[in-house]
């Protein structure tokens, strides 16, 4: 409210944060400097490990026990909060509020939601007793929680994720702080929920004149919500400036790469130099809209589809909670029908609980359908001979979401990649060895990694190993279940390019399961949009994205952050 | 098949993508399996070292008892020197003195280590084998077999372990075999539950699904992926169980279920016999009692440290 | 909540039924059969046959079981071969002593264990913490009866601070309307009798409480450390919660959830520990009675005792679950 001319509300100078571990001291933030003006929203963007959350924790004085500010200063309204006795403890809640990342774990499970706001009001001397309770209800209402009066009496476990996040916003803003730190406030939520919550947060802080320090990994979201953007990489601020300028004219190499890798609706299907037939090229320009490729992409339309799914239904029986309560049924997948033409990618998108992963499991024959049919290469999954089953397993391979759990921790990389070959008794030991090396090469991993264990690899490397394993038997269909969702944007973009390249070279078909429409736009040819077990809309990527027919699809598309990424250098 | 740009991409992946994984990796971790990492973490943990030393000394003494002990387990070399009100204390001939019956305390303690090791190892092996069978049967058949088996396991767990051991030993009769069987059987439900639980947890892991997608049979998936990965918690539990077995064997002896005579070289038995000599020669009770406690402590320290070393949650510290 | 209690009580029925079948078969699996068990050393072939006919051991198993179960339901646990009195009467006569002892032991374990664990957690990584961790490990690994020996030898035999055996001094003349000696002393205003009984309880209670104490301290420590690092604690600090409220409402309330379950689990441990402790201190409760039964292979007593403990154990766990529901709203909803 009081935009004091020129003097920033928060001023971070040469901030250095280090952590003491068994192996010595590591510096998580190095020489970071930036300002937040009163009433302004500043986004700090970076990948995991960039130091963005550590910076936020340093501001509010809540670093982990082994961490400390080892250099520089953090001035809030002129006071250095890092100084001993700087009074940061008294400023928390009152002057600086916080909205944390994961709504599921940030509320005290044993205390009523309303009471959790009341305690903040009381301990900060804002209100007491009945007045505090009435105020808490008001605050919850203000954060967009319907039926706040009744809801305030409930416990966190009775709230959905979105409702909890609203409660946390009400809590963060309860004492009207001048600065609100929002650390990935909506990363754990579905896109549609994410959008309404961010809208509410934006409206509220605007109305109250609260400055916001928004921490996010999502450049698109930062561009949408902040006036200024600070980009951090490996503990350092590499670039900072007004959002628009930074997107239009990024100065630092890293920002450029980040921008290029960020999936957005503006991006187009990754195309790999089909016309020249030469080596696939890599580089940022691949993400640029390539109008010339559109007509090219219909290989072998006449051949029968690799997968035909008809009326696929899966009903789970949920056991009743009590001893005598009857079990209930949950239809996770409801009469789903689609086909995957050979050599193309069909994406299934949906929010959590839409049934998309259940579809993937059934196509992989890891889960038995309740009814309906799945034909792979014309062979019905349910009714086949042992020989047909072996053939099926060689034809269809998965890549899973979590690169940390998809590799056996006890197997070396060599054993992991070789396992499919040995399982199907392919070739001699020497031939298998040669094939493994070939596969490592195909996924661009150095052969030196073969003797390592998964725990020693980065997430991106592990996902490449998972791809190599999936390709070992020369499958025709690869089922990617959220295969890039756990990765940082740049790595994600690399894996997507790798998948596109492999598809091109090996003629693979993909069933691509994802919650991220922006990613889907980059990799898929056809899209099925799922909601509560049903496919509500399907068609080619361009049809669905440019001319959505269903309200739900439109809502999904509208909710994707990053519209302003169109401003990026390639569009300019 | 080489694509140079792709290799570049992977390099960048290393450069950029692995930044977040940085703290996880330790220098010198090259080619380190979970077990090797655990071994390194154990070496850094003073509790683990203390535990390992105790266990090692205990096992060595038990194995080398015939070489270390000056007298045999049943020998009563000082029988002539015992008086109703006087039991000779430590001397050059009898390092820790004599017991009520004229046995050499030092020798009997050494032979006692051997008895404890035999009882501990055999009963834990019995429990482990039984637990593995029950757990695997429950897990393999699933459905109502699983439900019934686990109900039965719960039933056994609903009786305090010492009482269960007592009632089993009582059926078999008073002998060392009874003690081993009783302690082993009591461990069966514990191992069964643990094995089934960890295997169920493993079964949902993506790498198991990936293995199933390769068309591997259920048996192969279990043997080559699920079981090896379930081993950690089982080994930890077995180590802790060795401690429990040593203590419970002593308790059963104390209750008179261990068989043998009061002169038997077994710690629990010696402790029981010393009960009546507290005023005359407290050392007769202190030595075996302390050895039971220290041995159990060694196994517990080592087991707890191993649990911590194998736990991915605490691995970052 | 009421539903939870009813459900748990309903679950108790099949559990006890299963246990009764096991116990029934157990005695019949004995070498020589139940007659030998009943007769003990007096088992001549003649006597065995007589007993078999008398008790119907020659009838089909399922018939025998029904008869036996019927007797159980009427409170007939059989007759002790050693004392020749009904098992139930023997139990009831000794039960107050054991309750007094285990209650005091549990009180010590909880009263010392929780604060100890909490303080250790607050000083995590420092000397106090390390000492507590090692001491609590040692607490679990010292055999109960050995600790009982040590305490008796130190404080009763050497220092003479406490009586070394029994429930009350031989010189003490007191009336016992309830069988709980301390309580009796208070009720009849015989203060010296109450004090005397209490002094007799101290050493055995400490010995008996040592393992639960160590376990409770360890669980409390681990739980407090875990809660201290929880996201919601950080968030509570971020919203400016004062240290007092943070400790009481956030840390302690959440940390006590696993501790309360642990306390319930200790009851089984206490009852089996009582068998050993009561024996060392010649304390006339059901524990020492059972130890004698074991020694003399008095199966009727063993059988009854196990069934009895299973019921007590189940009821205590039910009580724990109910109290758990009172602190944890997530359980209440069910």
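Each chain carries a letter (A, B and C) given by its place in the written order, and its residues are counted from 1.
Operating definition for what follows: a residue touches a chain if its C-beta (ideal position, glycine included) is under 8 Å from a C-beta of that chain, and two chains touch if they have at least 3 such contacts.
All values derive from a computational prediction rather than experimental measurement.
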| item | value |
| --- | --- |
| Which of B-C and A-B has more C-beta contact pairs | A-B |
| Chain closest to the assembly centre - both centres taken as Cα means | B |
| Rounded Å distance between chain A and chain C, as computed from the means of their C-alpha atoms | 51 |
| For chain A paired with chain B, centre-to-centre distance based on mean C-alpha positions, whole Å | 44 |
| Gap in Å, rounded to a whole number, between the CA centres of chain C and chain B | 25 |
| Complex interface listing, chain B residues touching chain A | 1-3, 5-10, 12-14, 16-27, 29-34, 37, 44, 205-207, 209-216, 220, 225, 228-229, 317 |
| For the chain A and chain C complex, residues of the former touching the latter | 60, 62, 90-94, 97-98, 100, 102, 105-111, 116, 119-120, 123-124, 155, 157-158, 168, 171-172, 174-175, 321-324 |
| In the complex with chain B, residue positions of chain C that touch it | 14-15, 18-19, 22, 26, 29-31, 134, 137-138, 140-146, 149-150, 152-153, 157, 268-269, 271-273, 275-276, 279-280, 291, 294-295, 297, 299, 302, 305-306, 309-310, 313-314 |
| Residues of chain C that touch chain A when the two form their complex | 3, 7, 10-11, 230-232, 234-242, 245, 249-250, 253-254, 257, 327-330, 333-334 |
| Chain B-touching residues of chain A, taken from the complex the two chains share | 21-23, 26, 47-50, 234, 257, 279-283, 361, 364-366, 389-390, 392-394, 396-398, 400-402, 405-410, 412, 419-420, 423-424, 438, 441-446, 451-453, 455-456, 458-461, 464, 466, 469, 473, 487-488, 490-491, 494, 497-498, 501 |
